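Before any comments, here is the structure.
Going by the order they are written in, the chains are A, B and C; count residues from 1 in each one.
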Amino acid sequence: MPKWGMAVDLDRCNGCGACVTACHAENNISTVGADQAARGRAKHWIRVERYWEGDFPDVRLTFRPVMCQQCDNAPCEPVCPTYASHHTADGLNAQVYNRCIGTRYCANACPYNVRFFDFFNPAWDKPLHLQLNPDVSLREVGVMEKCTFCVQRIKAVTIQAKADNRPVADGEIQPACAQACPAKALVFGDLEDPESAVSRLSKSPRGSKLLEDLGTRPAVTYLERQS
Amino acid sequence: MKAVYGLYPDGRAAQQAVNRLRAAGISDREITVLSPQPMEDYEFGRRDKATWMWWIACGGGLVGMGTAFGLTWITEMSWPINVGGLPIFAWWPNMIILFELTMLGAIVATVVTLVVSARLGRGGGLYDPAVSDGKILVGVEDPAEAAIPELQAALGAVRQALVKTI
Amino acid sequence: MSQPARQTVNADTLLPADQRITSDLLRPLMQTSWRFYLLVAVFGSIVAAALVAWLSQMTRGFGITGIRWPVYWGFYVTSFVFWIGISHAGTLISAILRLVNAGWRRPVTRCAEVITVFALMIGAMFPVIHLGRPWLAFWLFPYPSERMIWPNLRSPLVWDFFAINTYLTGSVLFLFLPMIPDFAVVRDRSSGLRHRVYRVLALGWRGTPKQWHRLETAMQIMAIAIIPVAVSVHTIVSFDFSMAPVPMWQTTIFGPYFVAGAIFSGIAALLIAMAVLRRFLHLEDYLHPVHFENLGKLLLVMALLWGYFVFNERLVTYYGNKPAEMAVFWRTQRESFAPLYWTMVTGNFVLPLVLMGIRRFRTITGCVIASIGVVVGMWLERFLIIVPALGHKFLPYSFGIYRPQPVEILIAGATFAAMTLLYVLFAKFVPIISIWELKAGEHVPSTLIPPATQEHQLGELHL
């Protein structure tokens, strides 16, 4: 059984935000407009956190892309009253839109704040509605949504591999963010496979987990920036 | 229905009336006493105190506990879903469900016992609206025809009695 | 209406004569003034406006509230916890005082139980109001669905569902059972439609010793059962917070802290209700200053207990010195939430200590002022637990500020109107002081009164 994980190389990330755009495009995430974004309604399943360190002129800028960490001990899962948020056998935290009644407890429990609520029914100005991805459902108002490691792509590749009677090759599944990253900072793969890129990267001495001391056991490893 | 009864202004008069009825040979079971509030400082107010209600409440609690155990076991085991690495059947959270349904069972059992044993909702039986005005009613339902004058005398012998025959 | 002249008063119990008790306590049922209709109209329209607001929230989308990333709970959950807390009034006063056989509880029990039932009903609406898809709220109920999926019994929200339903059922029954003999009194004194309605409600009550015994035994059992349920309810509500790894939420003190806070706010609500009833229904002969004094002393004790819990919570956090927790700690105590925080401390601690601690101020007016302070303070306490922590968790890039919007303010505010409306309607149809229980106080068997401490039913209780 594979266990999906990611490695984020902070040395390579330059904060361009291509991952954010790709994620929006792939997962049918609507933009909410400047007004609503200012009121905190933007739904960036992956976001690039930007931090300034130090005082002028010794300022240092750091970037960190943060997406759902697909935690093994996800605090968002036990608290969902309807099992809309639960753990799959292949290590993903699933969000079942149809089962969500919108209590938003999962979002409060998530220490990474990677869960988003649909405050309004999504809307796309024409002709942008034509670019929607048919593999991903649209979420109606009142449900929670978050990064799924592009589970539609995972499923598509694994189904194809099964049909072809072969194992899934490392690097064959590319979530939208990993695919779009020009610096190849995002690496996705099977953590159960010791030969996969993500496995080797997650064992790197530069690697650490975000908010590790909370005990959530995330599946994403961040490789420390060295410059 | 036929009945002979007296209305009394306080507990002492009512107790005297009950004693006189007993002296006239009426058994306790046939004496009807109605009061506007419980009057346990008098002997007549202490009748029929024994009840199974406590045991039934405990039984209801056990039924509730069993229901809760069944609910948690069956629903959690029938489709085991992993949430946050918790065990599928976890005792700590399930004890909460167990507790709540146990108490609910005890409460519902108590109320059902009350309704049944106090014959609530069934109506009938001897009654006079003067009881809610503060009078205490002491009487006999369906007396033997021949005994009525004796009962009337016994009830009326108490001071301030208001005897009625229906 | 002018105050009726003091007629025969029973010297032992300081109660008016039996006849006058009944007529006094039934007067609100039998006579209606224009004031009643005005109250119903005013509060009814506020409640109606709030219902319209909720409807617009459901149709226009949840976005019209101030909820935002990452502060996903705001006024609605505050109101939920607040009203469930208020609902602990009835349990403490009614059940505990019943069990220890405190005679001074008699005029107070029904007022308290009514608060419980209505506060529970109002509070229980908020888990539905704050849902993103409230029309699916029934999924919380364990029913065999065609998808063969059940609610997550490991979730605190499902525990909430079970606990609140149990408590609501118990409280409604606890309220209703002793109303049956009073319904019989109304039944016997009315005619026409009113007589028919109350005859149904009275369930054929006659008043045999057997019925009285069964009723009192049932009340005894319910009193014993409802106290742990009440404790569990607000503990479980506190679990909504302590089960999430949010700074300053994941603390074991929340269970007892919330229960104590609930009882605290419940007593305050009860004091306000009693004072209002005493004035507007002319119950000066039944609700004596000693009742307010006794409850005022309880309020003082609960204020001290509240202070103790807050001190515990904050001292431990302070020494723990975890960065995320200290950030939230200072946020409430020194930074943006400081005005609300110190208002809360004043209302919950300073005011009750001064007004209830000093004998001269422990009057009915003093009790009401202290209680209003507590109600405000306890609402703020719930708000200050939820919002500062959610807006300031672990990753600074994701911090946010919550700004409540009109729809939330209206719905949260209208709950007070709803409570008042329900209370006014209740007092119109049911005697707000239990007639038979009041009179039963004169007939307590001597075995129940400890010989050395002859406690007067409504007499002076010196501290």
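As a working rule, contacts are C-beta pairs under 8 Å (C-beta built on N, C-alpha and C of every residue); 3 or more make two chains touch, one makes a residue touch a chain.
Everything quoted here is computed from the prediction, not taken from an experiment.
Undergrad: Could you draw the chains as nodes, link the ones that touch, and say if you get a line, ring, star, complete or other?
TA: Topology of touching chains reads as complete, every chain touching all others.
Undergrad: Which pair wins on C-beta contacts, A-C or B-C?
TA: So, comparing the two chain pairs, more contacts are at B-C.
Undergrad: Centre of all protein Cα atoms: which chain's centre is nearest to it?
TA: Chain C is the most central one.
Undergrad: Need the most distant chain from chain B, centre defined as the mean of C-alpha atoms.
TA: A
Undergrad: Would you kindly tell me how far, in whole Å, the mean C-alpha position of chain B lies from that of chain A?
TA: From the centre of chain A to the centre of chain B is 63 Å.
Undergrad: Compute the distance, rounded to whole Å, between the mean C-alpha positions of chain A and chain C.
TA: 44
Undergrad: Taking each chain's centre as the mean of its CA atoms, how far is chain B from chain C in angstrom?
TA: 29
Undergrad: Would you please write down the residue numbers of chain A that are in contact with two or more other chains?
TA: 75, 78, 80, 83, in rising order.
Undergrad: List, in ascending order, every residue of chain C touching at least 2 other chains.
TA: Counting only residues that touch two or more other chains, chain C contributes 149, 151-152, 154.
Undergrad: Mind pulling the residue numbers of chain B that touch at least two other chains?
TA: 81, 83, 86
Undergrad: Quick one: which bits of chain C touch chain B in the complex? Just the residue numbers, please.
TA: The contact residues of chain C facing chain B are 18-19, 22, 142, 148-154, 159, 162-163, 165-166, 169-170, 173, 177, 180-181, 184-185, 187-189, 203-218, 221-222, 225-226, 228-229, 232, 236, 435-437, 439-440, 443-446.
Undergrad: Which residues of chain B touch chain C once you look at their complex with the stated criterion?
TA: 11, 32-42, 44-49, 51, 53-54, 57, 71-72, 75-76, 78-79, 81, 83, 86, 90, 93-94, 96-97, 99-101, 103-104, 106-108, 110-111, 113-115, 117-127, 129, 131-134
Undergrad: Show which residues of chain A lie in contact with chain B when the two form their complex.
TA: Touching chain B: residues 71-78, 80, 83, 85-89, 217 of chain A.
Undergrad: Along chain C, where are the residues that touch chain A in the complex?
TA: Spelled out, the residues of chain C in touch with chain A are 61-63, 66-73, 127, 130-134, 136-137, 139-140, 149, 151-152, 154-158, 161, 240, 243-246, 390, 393-398, 400, 403.
Undergrad: Show which residues of chain A lie in contact with chain C when the two form their complex.
TA: So the residues of chain A touching chain C come out as 36, 39-42, 47, 49-51, 66, 75, 78-83, 99-105, 107-109, 111-113, 116-121, 140-144, 210-211, 214, 216.
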